Amino acid sequence: MARSRLDERAIAFRVAKEFSDGMVINLGIGIPTLCANFIPLGREILFHSENGVIGFGEIIENPNLADPTLINAGSQPVLRRPGMAIVDQAESFAVIRGGHLDLAVLGAFQVSEQGDLANTVMPGKSIGSIGGAQDLAFCAKRVIVAMTHVDRDGRPKIVRRCTSPVTAPRCVNLIVTDIAVIAVSGEGLTLLEYAPGWSVEEIQALTEPHLRTSPTLREIELL
Amino acid sequence: MIDKVVGSFDEAVSDMRDGATLLIGGFGGFAECPSYLIAAVARKGVKNLTIVANSAGWGLEFRDQLVARMRPLLRYPEDYYDQGILIERGQVSKAIVSFAAAIGHVQTPLEKKAAAGEVEVELVPQGTMAERIRAAKAGIPAFYSPVGAGTFTAQGKEVRQFDGRECVLERAIRADYALIRAHRADRYGNLVYRGSTRTFNATMAGAARITIAEVDEIVELGELEAEHIVTPGVYVQRVVVRPSSPRPWNVPS
Amino acid sequence: MIDKVVGSFDEAVSDMRDGATLLIGGFGGFAECPSYLIAAVARKGVKNLTIVANSAGWGLEFRDQLVARMRPLLRYPEDYYDQGILIERGQVSKAIVSFAAAIGHVQTPLEKKAAAGEVEVELVPQGTMAERIRAAKAGIPAFYSPVGAGTFTAQGKEVRQFDGRECVLERAIRADYALIRAHRADRYGNLVYRGSTRTFNATMAGAARITIAEVDEIVELGELEAEHIVTPGVYVQRVVVRPSSPRPWNVPS
Amino acid sequence: MARSRLDERAIAFRVAKEFSDGMVINLGIGIPTLCANFIPLGREILFHSENGVIGFGEIIENPNLADPTLINAGSQPVLRRPGMAIVDQAESFAVIRGGHLDLAVLGAFQVSEQGDLANTVMPGKSIGSIGGAQDLAFCAKRVIVAMTHVDRDGRPKIVRRCTSPVTAPRCVNLIVTDIAVIAVSGEGLTLLEYAPGWSVEEIQALTEPHLRTSPTLREIELL
């Protein structure tokens, strides 16, 4: 059987299966943002945006319909939604830092086997950007990383120790990539699911630290 | 009689001196950026400024690129200028920001000036920045926060354990001026904001010796309902109304 | 589907255990007091509570005196009960308050119990209390404040200079429950308040593991405008509606 | 000439002369509350109340007209006033503690010659009440004490050192009593004004610390 890699939408689809009814969730820029399109049926999710919008609606793709006074943290215009609330920046981060955020879905440059996350300072830049990444990674109740399994040069992004600056130590709970779903715990990494056609050995070959396999190891379900 | 409405943007910043620390509101979108106040500071030409803002801004050089990049989502107005123009013009000696660098190969004005050693950069987590600004407003000189402990943003900062968790000592960011943008104001300086434009604008109000609000509209006293006011006027010293038609940044207003 | 509305006050506090720490909202007036939630805690009979509130309350014993004293200004409703009833009934072992004693010769329930050595009292400046509660909500374990430095309220507290001013280290007040009162709620737990009833109610929302709001009315999702919501629902776990006609405190509701 | 003592309303009247246009002021319970009735003509004052009301209107004396959801920190119902703003308790004290309050007018048991204020723990009570007194005394830009010059037993309330617990050290700027107006500075106390018929010696006799007299010493003007 041919190996296939999940595309960005499929990764987002898989991540969104982790969304429980009633969760308050912050989605990072990139693949995480796509998760909003795949909320499992019958579950009501509140999306939180760093700039102070809680419970916003869909991204508006047509500039003629966009309201510049209602954007998410990625500067995308969004729809108003019943039950939405607006707060200022300090209150928005009181939500994050006070432990009121159930889940943050973030992109990453690297994740270590201890769950250290590196996703802030841009490689190749002398000064970086950090935004709300540290607040989210340190304080969300749960952190899921959504990313490609290897970088553009084919090097593993799941590593023994991060070589990029660490955003937050031991913060990642789950990694969803284009080829695997991996749980992170105090004992290390556990392979939970694999993309269609991939063997444990093939995934291990693209992953620096040792992967234990879950007793319930299975193919990623995309439906 | 209390009347905080000032006749022009130039008048609003007329007492600004070299070396001032400015909080500049907004998050990243154009509708929340105090563009006319920034333009007035650019015209005034004060130097050696410390600016505190979520993002370092794009300035004039990358304005068009940004506008083009955003076109599929939002139409940027002609009179959008951000704090990047102060950096470009060499008015800034230090920037305290959470977004210093642009994604990709573009270099923001701050990246260029920092590389040239002309501007000192302090990169601060966004929530820590918001909390440090609020602390100044609320008379809290310092607080502990777990965010950043053990990482590069906590370098050189005091660390202490609370409830078994390592925390960093963070200091209030006090400023001389807060330049903010709001939707409606009354003559007391009470402010309301539309949608996501509240963000750092409301957080910064009151965190500086002088808070100046750039607003769309002044309304009669009493039109803003007491329960709906977001920023009470006690935090605001000056209010200026945006012009009805766009003006270039270098034309006095 | 998110629906935080709970059917009764007794159900709302059904998981409360002995030894719990409760934030109790309001400032001093009856219209801002979560009377029905307090009554439900009294009925439940949990003991060894730590209560955190602006005032220690009057209880049942002085209720009538209070009502008589206030009659020239305000008519108190039949269903006004405050946190004093929990103290009177021996359910409280510690009280963190800014008003412990009554003016004049009346003794509040807390004064009596404290004199008898049955309740420990921590007297906290009102603003320090508000800030310590907000700190818990915002994930700040501790902060420095000049208020109280060198006085009896700072005894035993760490002191440190900032900007030449002596400051006291204050710790966040974390609680198990926040019992608050609001005007309107939707099923997400978003809240708005009328007039001066906002006070400690809004400050306490989110500063406890479980925040329970006693409200006048539930409205449809979307009826509360995003810009007018004071407490976002993320801070609220349960909402209960007050009965349309007054009920005695000891009748289940 | 017969000596006369100012009554509570006259003390409040004198204090209110200190109100400049545009000031944000917090009035304590008792005599300070009365000051609101004597705002000098043409000056617009915003009254702040600890419970989070800024710019409220007059006290409503008729319970039939009172709205229990709009009261001041003394539990008195007040009128709505155009420009009034409502904030929560933490924000209300951010206004005080952040130095945004121009003036606090407070009652006192004792004031020392250094400007130490004692006005919190009730004499004769084992546990006290403090309310917002410390926040106000420590953080208002200016503090005026309004009180009787001596206590019920005729003992001076302006003392060398406070014997009651100190609310805040060196915080009082001006003392207005029923017989005198006294400025407090680093150098001690200066008698600025006296009630009709009172001599400097008579006032000094009821005041523990030494009073210097102002070069502009004059009778308190009550108009």
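For clarity, chains are labelled A, B, C and D in written order, and residue numbers in each chain start from 1.
Heads up, the rule we're going with is that a contact is a pair of C-beta atoms (placed from the backbone, for glycine too) under 8 Å apart; a residue touches a chain by one contact, two chains touch by 3 or more.
What you see is a predicted model, and the numbers here were worked out from it, not measured in a lab.
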item	value
Joint neighbours of subunit C and subunit A, given as chain labels	B
Farthest chain (mean CA position) relative to subunit D	A
Pair exhibiting more inter-chain C-beta contacts, B-D or C-D	C-D
Distance from the mean Cα position of subunit D to that of subunit A, given in whole angstrom	56
Distance from the mean Cα position of subunit C to that of subunit B, given in whole angstrom	36
Centre-of-Cα separation between subunit D and subunit C, whole angstrom	29
Overlap residues in subunit D, where contacts from two or more other chains coincide	53, 80, 86-87, 90, 93, 96-97, 139
Touching two or more other chains - residues of subunit C	131, 134, 138-140, 145-146, 193-195, 198, 226-227, 230
Graph class of chain-chain contacts, one of line, ring, star, complete, other	other
Touching pairs - complete list by chain label	A-B, A-C, B-C, B-D, C-D
List of subunit C residues in touch with subunit A within their complex	1-2, 134, 136-140, 186-188, 190, 206, 220-222, 224, 226-227, 229, 232-235
Contact set on subunit D toward subunit B in their complex	21-22, 24, 42, 44, 46, 48, 53-55, 80, 82-87, 90-91, 93-101, 139
Interface residues, subunit C side, partner subunit B - complex	131, 135, 138-146, 162-163, 165, 167, 171, 192-195, 198, 226-228, 230
Residue ranges of subunit D in contact with subunit C within the complex	49-53, 60-61, 63, 66-73, 75-77, 80, 86-90, 92-93, 96-97, 121-122, 125-135, 138-139, 165-169
Residues of subunit B defined as touching subunit A within the complex	27-32, 54, 70-75, 98-103, 110-111, 114-115, 121, 123-128, 130-131, 133-134, 145-153, 183, 193-203, 230
